[in-house]
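Naming follows writing order (A, B, C and D), and every chain is counted from residue 1.
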Amino acid sequence: MSVWVYGEQKSDLKIEGAIARRIAEDLYEVFIGPQHPGSGHMRIIIRVDGDIIVDADPDMGYVHRTMEKLSEGREWIKNIPLFERMAIHDACNVTVSYVIALERILGIEPPPRARYLRTLLCEINRIAAHLYGFGIFGVFMGHSTMYMWSFADREVMVELAEKLTGARLTHSYPIPGGARRDLPQDFPDQARKAVRYFRRRLEEYRKIFLDNPVMRSRMEGVGVIPKKVAAELGVVGPVARASGIKYDARLAEPYDAYDEVEFEVPVFEEGDALARAWVKFEEIKQSLRIIEQAVDWLEKHQREAPMHPKFWERSPPLWKKVFEAEGRVKLLPLMANLKLPPGKAMARSETARGEIVYYVESDGKTTPYRVRIVSPSARNAIVFKYIVPGYRVMDLPTIYGSIDYFPPEADR
Amino acid sequence: MDVVKLILDIIFYPPIYQLLLIGLVGSLVVVIFILWFERKATARVQRRLGPYHVAPRVAGFPQLVADLVRYAFQEVIIPRTVDAGIFILAPIVATILSILPIAVVPLTSNPGYWPVPMDYSVLVALAISTVSPIFLILAGWASNNKFSIIGGVREAFVITAYELIAILSILAASATVLSFNFVDVVEAQSRIWFIILNPLAFLAAFLAVLMATSGFPFEIPESENEVVAGPFTEYSGLLYGLNMGAAYMKRFALSILMALAFLGGWAPYTPGEGILSGYLIPSIIVIAKATVLMMAFSFTRSVYGRFRLDQALDGAWRLVFPMAILGFGLALLEAYLGVV
Amino acid sequence: MDVEELKKRIEEALGGLVKGIEEGKGFIDVIVDLDNIVEAASRLKELGFDHVKSLTVIDYPKENRFRVIYHASSYLDEELAKYIVGIGADVPRDNPRMPTLVYVWRGVEFQEREVYEFFGIEFTGHPDMRPLLLVPQLAEAKPLRKEFIVKEEPIIRVKPPTG
Amino acid sequence: MTARPVVKRLVKRKGLFAGFKGNVDAITLGLKYLVDPKRFTLIYPNEYIKLDPGYRGFIVLHKEKCINCSSCARICPAAAMRMIKRQEQDPKTGKVKMKLWPVINYQRCIFCGYCVDVCPTEALYTVPYHDIVYENMAEMDWGLETFTRPPEHPVEKEGGIPVKYIVDEERGLVKVKAEGEEGD
């Protein structure tokens, strides 16, 4: 490993507060991970000079599954449960852009009801994933109450998702042409109650975590990513938005029902861990708004199968009976061996951690020719290398937690 | 009856009573209670159940006993790379030293039950309480592990900063009465406790003891997210349990000192003659006050997170240290004015 | 701004470097010569495409080439953020080397390492060319090339379970 | 477009006692929950959640409805559902025929429910529980006979109390006895 590289690059980027200097031979090298309580399934090799990290080398891949290769051997629709495994607590957000890419190649557009249903689940997932992130963030900084609270409250959202899809985490909900289930009868009422509960609850989160002086001093000014550097490194999601980048895939290229619902994309300009926490915090509020709007829309409009007519029109009467009784959308047997016309498509969606990009290429067979996935954590991993040096050892968990890095998602 | 009296005399012979009964057995019981309370209270704040399945009828009270049994029967692994002698001795000595301060403080005003002559008891107790961290640092050093050494160094930093403050602010109490005798300190509080007369010193002592005894989440030296278990990374089984217990025992000892110095010791009660009235009841009052103090320490766990090392030191030198100095000044002023 | 206008702007900016523009669903690919890719990428960056979303490599064994595309987009320019523009080139399969674009877009550093281990494409000038996700032994096999085949089990069972 | 980015700023801390209010707020909140924890823990083996009928639990086959089309095996993303060959006597004609029947391997099943949704005759259905423990891997590979019977629900059998969670505005979730009685 050439030693000069990091220092030089660091000064190239002109990151404030970072110390760019040559690394001496007698530095302490500490292996954070993978069997370490302060890291997920990854390793960060840091070198410390006193308490200051001078060099960090993220070593990923401990939970790598070669999804891109596996997907080439599976039929189109079978890849949805596979890609879901990247971030099971954010399942709908992660897979919805793959489904959109397939729909783009097929040239179909899901009916409005399906789009709203997907949006609804996406936002439920987003809140659940943000709470998960908050929990991990909290426990990384020794705040166990935040961990327990957010995991307890995440249960509310998981419960809602379960009522909607029938599974707590791996929903496999979006499918080319639509969504797999309609709302249960009592869902709107429960969702509204949950929204009201969360509105009150977030205020308590702010008091015990974000405005807690101890936690605030831990987060303030830690892991600062200036706007220019954030764009240069190509970080995504809350990390980018905390640095003042006004980018959100829901904004840049509205998919599903995001061009019809009203919401804000919170942007902060400080770029530190505190701003990243606040972005997530404000995003939860916006997601609650979207859930309300989606539920209202779904309640107002007539129940019909959330499936593209191509896959629904010729369905036998039994299917309509099942849909009316259980809200379950039956799939055509041809779904298994769906043939996509040759073509290539790209789609992006905003997951809780940032934007996920799928590049899908079809050569007219039942399996993809190539699927390229770039998940948000994979793009944020570079933060470890370029932002962590210059901060203290105890800041590492803070930065790790604040960028909400999720190894299974990064490793794919 | 002479036999009973003899046994009682032996039991309540101050060194035995205070070192063995309160120091070992009492502190174990208090630690069991405090750990249970800590777990239960945190669980309530965190909307959990806490310990339960060990004994559902008593809300999981013997959880720590179960833990200790587990520790006791676990294999003690001594890695080949460690300095075995120090590695084994350090936690044992640290544990003994951390309960030793209890043996030199008076738990009653009845001179018949003082363990040692009292004239310099404040100084002696505080002096003993400062020895045990050295062995934790030693444990970290002997472990020959990067995390242990980082943890040991952190321990050294934190202890240097906060132990000084703890001592200074407990000394403020003796400055008020112009005596190093704990009995004088306690008796001066029969009318009004020093926590009211000198809240600054109490607050400084509270924070300092909280940080110096490194209970979660103020365990910067052994903060698990960076340094796994700090100085104790290589420890296992009973030795690990001792390490963990030492911190709580030290907290208990310091809490007793604080109870004597600020919470009036056995204050509402006037010790009389005889074992019961002269020794047992006042000592139980002191322990009860110390336990309440420890409950307050434990509660902070559910509200706060961990400080960063440099912030903790910064806070110590810039905020808590001046606070302790001010408290000391206030104590001197009160002594000058003759408030007590 | 619509796609046509964007294409025109890109063509203007890149000048004669453009070999062809391919339009996909949701993105456009600008294909240039392998030798010009650094130059073309820097011009694209000057245009406002400040980060790379995906370094996409597709293996075409029949045509004996890898298609390497840097799918870039913009953060700072909200108008450009709506588009994904790929700048790509064909890399010969028998000599998979190409200049690195790390010094144009810093964000591709890890993705180039990923491509290196999965396809065996070497990026000359890359500051830290090591496998990222795989262990070195596995990276030798270059798993994302088409000749690497993952075996899946058939639908009909040969040995039925009991019970 | 109705979505818009909004630039916000963090509230700066000012003054000597800036942290004071934060500390007081946090401690008060902690004490509030110490008094009333609002918990909804499930004491699992003693209680279990009675899930909605739509829950995607274990999959079971109605053999009489099955038309041996092998759609389920073809759509299974994890290759858990497979077809086995069985000689069967046709009840009408009396001819012995080779037929394909689905069997499932729960070592591999991911409970995505595709097979249930793709089945053209609704021959597959899900039971609303999933907490079944096997002692060895071979038991999880179901044969046709096992596949046609709903599996035993051990917690229910051992006398666990069925509870339900409903969303509540005050407490987040509330544990309610499945019969409708108010729980703990």
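Throughout what follows, a contact is a pair of C-beta atoms (placed from the backbone, for glycine too) under 8 Å apart; a residue touches a chain by one contact, two chains touch by 3 or more.
This one's a predicted model, so the numbers in the text were calculated from it and none came from an experiment.
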(request) Give the label of the chain whose average Cα location is farthest from that of subunit D. (result) B
(request) State the pair with the higher C-beta contact count; candidates are A-D and A-C. (result) A-D
(request) List the centre-to-centre spacing of subunit C and subunit D in whole Å, with centres computed as mean CA coordinates. (result) 39
(request) Please report how many Å separate the Cα centroid of subunit A from that of subunit C, as a whole number. (result) 23
(request) Take the average of all CA coordinates in subunit A, do the same for subunit B, and state the distance between these two points in whole angstrom. (result) 45
(message) Quick check: what residues of subunit B touch more than one other chain, meaning two or more?
(response) 45-48, 302-304
(request) Can you tell me which residues of subunit C touch two or more of the remaining chains? (result) 152
(request) Mark out which residues of subunit A touch at least two other chains, giving numbers and ranges. (result) 74, 145, 152, 208, 212, 246, 251
(request) Provide the residue numbers of subunit A that touch subunit B in the complex, in ascending order. (result) 28-30, 32, 36-38, 51, 138-149, 152, 208, 212, 214-215, 217-218, 392-397
(message) Help me check something: in the complex, which residues belonging to subunit B touch subunit D?
(response) 41, 43-49, 52, 299, 302-304
(message) Applying the document's contact rule, which stretches of subunit D touch subunit B when the two form their complex?
(response) 26-27, 29-30, 33-34, 37-41, 43
(request) Using the touch rule from the top, collect the residues of subunit A that touch subunit C in their complex. (result) 1-2, 5, 9, 13, 60-61, 64, 66, 68-70, 72-74, 101, 104-105, 227, 230-235, 240, 245-247, 251-253, 343-348, 355, 357, 359, 361, 369-370, 372, 374, 378-379, 381-382, 385-386, 411-412
(request) Over in the complex, which subunit B residues touch subunit A? Could you list them? (result) 42, 45-48, 146-147, 150, 216-217, 219-220, 223-228, 301-311
